[in-house]
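Before anything else, here's the structure in question.
Letters A, B, C and D mark the chains in the order given here, with residues in each chain numbered from 1 onward.
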């Protein structure tokens, strides 16, 4: 019998393809007699379902597992909500293979069944949280991929002083700085010239965005480092902090942002056979032909 | 009283500056009544010293501490010999600050005295070892910075298949591949476009050298990964493996190289105040002026 | 006798250092009996001067030469105004050597005197103009360094189709695209990974900003190419075009931007001894010690 | 009637595919009554042909056109021989589209017929020649893609002083320096991080290979520049110069290499419809889907 007795369903809104996959998942869960809680977006897509809908926060308190139908972007939002409650997530991708959502629509029956049968692997992906001095936010915002500090209006310069674990590292003029988890290393940080990092690494990578200085390089530091960024006075009109490109906050010269690893991780579930290097090969078009020697 | 009762002295041969620093260190050790074993190179420089000279292997069995006078290159060679025996090393730099050898000639008295008094920090730097299939070497060669596989004659192509922990990663045409420790990330791997990695990270970085494919990127993987590189048949005249650019071996198409973390680490000793980010700032000319905000 | 009989003075507003240099230049011009027209900003700084002030447009019709006191940013603005009228510019830098403004405050007397005596070199720097479909601007805006198309709100994606001389080149998802002149190749384009280009080249470089695709590279094309960028529908909230980071216009999905070389060039004057590679060496901290071989 | 009355045939040795294409070309030429001169390699493949074989040098004096069957590497060698005599080359590719050889095996009949009918475009590709001080070579060697100076034994350092048009540019420690034509910008220079350059540009790009200094960048200079590279004394065991990776010469510390544009260009012929950006898109896997806006 499955360890997952009450399963939450979340979905990216909009597409017909998402709706089809959502229906397949829902039908499978019902057929197995699993209790299903459905989130607002998913509820709108599943019009034939007459039951209640729930917020992600309500689901986080009650579910044993969440199935996210959509894509990697969909999982970013879910991760910030469910990770703190320890609820694992498994992702169904609406088409192209994702780094996070790796069950393709054609494999829903097999993949979800394997997961419900306990035949899966679980990866821990840590999140980064970012605290802005003197903001007094009730909740410290977090990100699965990256915390980004950047000039709010392009193209406009950002000046920062960087400190790691209290040690001054450098003063930098640039468009911004990406503080990325290993999970985020294949997302925005990769476009910015950062290295690809295996998701199991306990490490953070700092990637400068268009630094004025030619000797800046991506910097990989221990996962438990405290990264403090002080905004300098040579910054243009204003600066912003962005979490997974989904949450945004303003920050003023003189204020500082402190980024560190969040204590709770995202538990991401994969059906058997998932392999990070295979996903890289597929998503990044790495040569997959083995030599003939 | 010092925990270091018998200290070995090794030196880079040649320069007058090295000789001066070597004399300062020797005088200090004698004044404190520490027993000193002197290696061949150092012995040639210290002509006033009439005692015996030792090989590094002999010293490794008998010393509690080794002082290396020269530079980072000097420590690379010493590390491969002393690390397996657990003998810690402290480096005196012949001039410019090094990543490994960080006592400047002017600070010999203060720095070495602090170390002998037990006032120091010890960093563990892991080494990489590289085994070539069917070579049957008595001893598996190792490197503190990087194991490099490359075409022996420039410019000539190397074809490889890369496997990590038994999983196929990619087939690659390039000039070679750098397998670097965090320690080596500020050496050759940095010139090749790799990220800077904090020396305490348990991670390995793979940096392709002039890959034909434009979507190759540096790849950071867990330190306990097994990296297997199979040389393909489209390789030019011949290929070589290099350890810290100091030891070299040939490798043929069809043969493979397996790189993994060595079980024993280098114990590197620093006087108080050593900080990795400060060394980066100095060696890489990072802006050290803090903003005035 | 000097060919420059009526000289315009423009300045960056604000700093006391600019004021001092401005006074030096003004005194020198008066002593030589050259007629001087003073622009508003400069007029505010030269409070002892009771004469009229002029707009840059008025000066462009009447001056034989313009002296710009400030820095490279100052010259960018002046170039867009004076280049179309063929009025040459010479720059006095407020401190650190610039790529464009290369007379240092200490060399004002010697440098300006040489220029007035006809002892100078003149470089032609072409400008880029950028026309937005269906905007119907009275004047086509131009840039000395670069025309930039980017998402207006960071971090938000831009989708473009690129055409050169009517040929489709690629479809790209990124943060934006830099279309830079050789002059701009040492400015923003350099931070973005573009090559350094000699200012005399008749070429344009296209530098993608954080492209999603890993096989994008800077592309150098002939100076007389017509670069057409069509904004795609997968673009985030909105997009902007920026000229030398000083003028900005909005652009919508479906609209297009056409960038091409402007017919009139900036005539930039340097005292004798100016050399592009020397400026690179100084500004980019290239090793200037010649080997001892 | 065709302007090409006597046509030379050269081929890459070896493959059965090359032989098939060679036969097709030969049959077509015979059917049109064109006189055909066959080079040694091609002669070996065309066993049914009983006529004489020629060296490339003999052919260069007598042919109006050369058809090269093989790939881009094949054309590199032919270019060095035929360009000085002004004999145009058209390339038949043995399979995958090339930057230089762009007639695919399936299009031989149509493409070669178009060319013989005078329906073609001709591109001029300049070559680089490289003179080594005190070598006294009878003939100055040249390259279509790139002249490369590098340490002969990997990994071993090269120290150089770079001068352009007599001006000192920088002192550099690296693995080497690539001096590339626009034609070569999509070959080895691209792997080394250089920009892609349109083949019609009158420009040379210098790409440092793994420079020790982090602020080195590719440098694009006018095509008529004289590039002088002086080998420094901190160079490892020995250094080499390579032309298109096909010709090699040794160079000693203290000697210098002078690279400049060769006066005669390669005349490369393409059937109608050839477009550089289209070849880039195909060879570099650029996204070719136009946006739907």
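The rule is simple: a residue touches a chain if its C-beta (ideal position, glycine included) is under 8 Å from a C-beta of that chain, and two chains touch if they have at least 3 such contacts.
Given the structure is predicted, the values throughout are model-derived calculations rather than measurements.
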| item | value |
| --- | --- |
| Chain at maximum distance from chain A, centres defined as averaged CA atoms | D |
| Contact-richer chain pair [B-C vs C-D] | C-D |
| Distance from the mean Cα position of chain D to that of chain C, given in whole angstrom | 36 |
| Chain centre separation (chain B, chain C; CA means) in Å | 47 |
| Between chain C and chain A, distance of the C-alpha-averaged centres to the nearest whole Å | 41 |
| Junction residues of chain C - those touching two or more other chains | 190, 214-215, 217, 284-285 |
| Graph class of chain-chain contacts, one of line, ring, star, complete, other | complete |
| Residues on chain D engaged by chain C in the complex (per definition of touch) | 159-161, 164, 167-172, 182, 185, 190, 194-198, 200-203, 205, 213, 215-222, 225, 230-234, 253-254, 275, 277-278, 280-281, 284-293 |
| For the chain D and chain A complex, residues of the former touching the latter | 214-215, 217, 285 |
| Chain D - residues contacting chain B, complex | 148, 150-152, 154-156, 174-176, 188, 190-193, 209-212, 214-215, 240, 242, 245, 284-285 |
